[in-house]
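Below are the structure tokens for one structure; questions will follow.
By letter and in written order, the chains are A, B, C and D; residue numbering begins at 1 in each of them.
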Amino acid sequence: MRVPRPPTAPPDGAKTATISYRVPFYDTDAMRVVHHARYVHYLELARIEYLDLHDRPYREYVAEGLHFAVTGLEVRYQQAARYDDRLQVTCWLAWLKRVSLAIGYVVRRDGELLATATTEHALVSDDGKLVAIPPARHALLAAALAP
Amino acid sequence: MRVPRPPTAPPDGAKTATISYRVPFYDTDAMRVVHHARYVHYLELARIEYLDLHDRPYREYVAEGLHFAVTGLEVRYQQAARYDDRLQVTCWLAWLKRVSLAIGYVVRRDGELLATATTEHALVSDDGKLVAIPPARHALLAAALAP
Amino acid sequence: MRVPRPPTAPPDGAKTATISYRVPFYDTDAMRVVHHARYVHYLELARIEYLDLHDRPYREYVAEGLHFAVTGLEVRYQQAARYDDRLQVTCWLAWLKRVSLAIGYVVRRDGELLATATTEHALVSDDGKLVAIPPARHALLAAALAP
Amino acid sequence: MRVPRPPTAPPDGAKTATISYRVPFYDTDAMRVVHHARYVHYLELARIEYLDLHDRPYREYVAEGLHFAVTGLEVRYQQAARYDDRLQVTCWLAWLKRVSLAIGYVVRRDGELLATATTEHALVSDDGKLVAIPPARHALLAAALAP
């Protein structure tokens, strides 16, 4: 079994969000590169920006006691990032179902591909129960998918 | 595309390593569960124990300017962990090649399955070049695989 | 103004707690030493052990909606820790008042002093209000102070 | 002994740097506030900006094998920060000596004071030896102090 290679670009027509990130020293490790666990944070920053742009601020979910719990994570690392690198993380909605969705990500440094990733999420309430994505949210998210 | 479901148990006969971990408050987030990125650290702790038991301490690789760089990561989250939970993380060598290998992981809480994971690694030198796993190391690692 | 030098040993007769900690790779940074922010986690691990031994498990505070919020933090770094070092962190109650307390810490590696620290805490409820330390807890904590 | 209260504003005439920071979910803990250790990262981000503005990019120190190792840290927490808060962190040079310096910090949320802090640093080489701050750097840093 091999960790699959997530797509290196969004599907045609999918709405995207991109954040810029300057690598702080605290993201590096003794190999003098960014520790692989830190990329999981970078994905989260891009995802928050995506919701801001194409759905609504994630804090509004939280305020209603709703969370997009992470149920799956997959990262394929191609090149190392280093201290003070300027990264660009682009993400898009890969698929959308009744209670769950997936986001695709590409991490680049000045155009060079560093990593690709996918996260899967299920909407849950504060007590951890699965919840259908509310219709108004589902409609906005569906409109951001590739046609 | 879906994040695949890594195996929930080691293959028969594979050597394993298991660590215990008590969840500190700093691993939790405002959902009152362990943040998903923290599991990536748990995998690292189990992997280090595995090398201690079945190969050699990882610091001896580092002292020779060698690193098992992470090239792939995949986690499937099933149940949330919480503050002060006692976790058990078991891992095993899933496959082994000339310069790369993969480790499988299961995270449990008192027997309950919380997450499964796979990491893939390539051996690299301090300057990031791929290096064949030294024969003495390869032999020991091969002996830890499922027969 | 200088960051003061916290005491390098507990006062005579104070009860203490000591944890062992093996430095994981994810605690290091590109200086090839432990990043200074990570010590704040080490203090937390020692503090939790202290409550286990001399008061009650911290999760019992949390279950009652109580938290020892950190109101002050002070660390004096003397020597760097490195990957795979085995550290010992010892802590003790430095002072105790009606709603607040302070803990002193020493971080050592095989007897060598690496850092000293102090944290100050106030007991707060889930909504952030100051709360008097409950009498049963205050009595146990007072008994752990230096006489 | 009490953790002292660092100054809540830069001295008159000191050059300053200010960063904006939007609190990500991964900075929060199960008290639903920012974990106290994360502020240490915020200070680092502000310090890097300060060097960019008033000295030179920190990566140029690193490229020469020089590091401003943290030798002291002090934080006084006044109000909790929460998920998605927009923070402003301002810092300034508090004092400057031959091999060491200190930086003062204020963390605010829309003008409200959340925390104050001081870090102390010594310039060290890659092998951890103390190094005099190079004259060209010392001159620029001295010019950024309060007159």
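The criterion applied here is as follows: a contact is a pair of C-beta atoms (placed from the backbone, for glycine too) under 8 Å apart; a residue touches a chain by one contact, two chains touch by 3 or more.
Predicted model, so just to flag it, every value in this text is computed and none were measured.
Comparing chain pairs A-B and B-C, the larger number of C-beta contacts belongs to A-B. The chain with its C-alpha centre at the largest distance from the centre of subunit D is B. In this assembly, the C-alpha centroid of subunit B lies 35 Å from the C-alpha centroid of subunit D. Each chain gets a centre from the mean of its Cα atoms; for subunit A and subunit B, those two points are 23 Å apart.
One inter-chain figure worth recording: subunit B and subunit C are separated by 30 Å, centre to centre, where each centre is the mean of the chain's CA atoms.
Contacts with at least two other chains are made by residues 25-26, 30, 33, 37, 41, 44, 62, 83 of subunit A. Per the touch definition, subunit D reaches subunit B in the complex via residues 25-26, 28-30, 32-33, 35, 37, 82-83.
For subunit C in complex with subunit D, the touching residues are 1-4, 6-7, 30-31, 33, 36-37, 40-41, 44, 62, 67, 69-77, 80, 94-95, 102, 118-120, 126, 128. Residues of subunit B that touch subunit C in their complex: 24-26, 41, 44-45, 48, 57-59, 62, 83-84.
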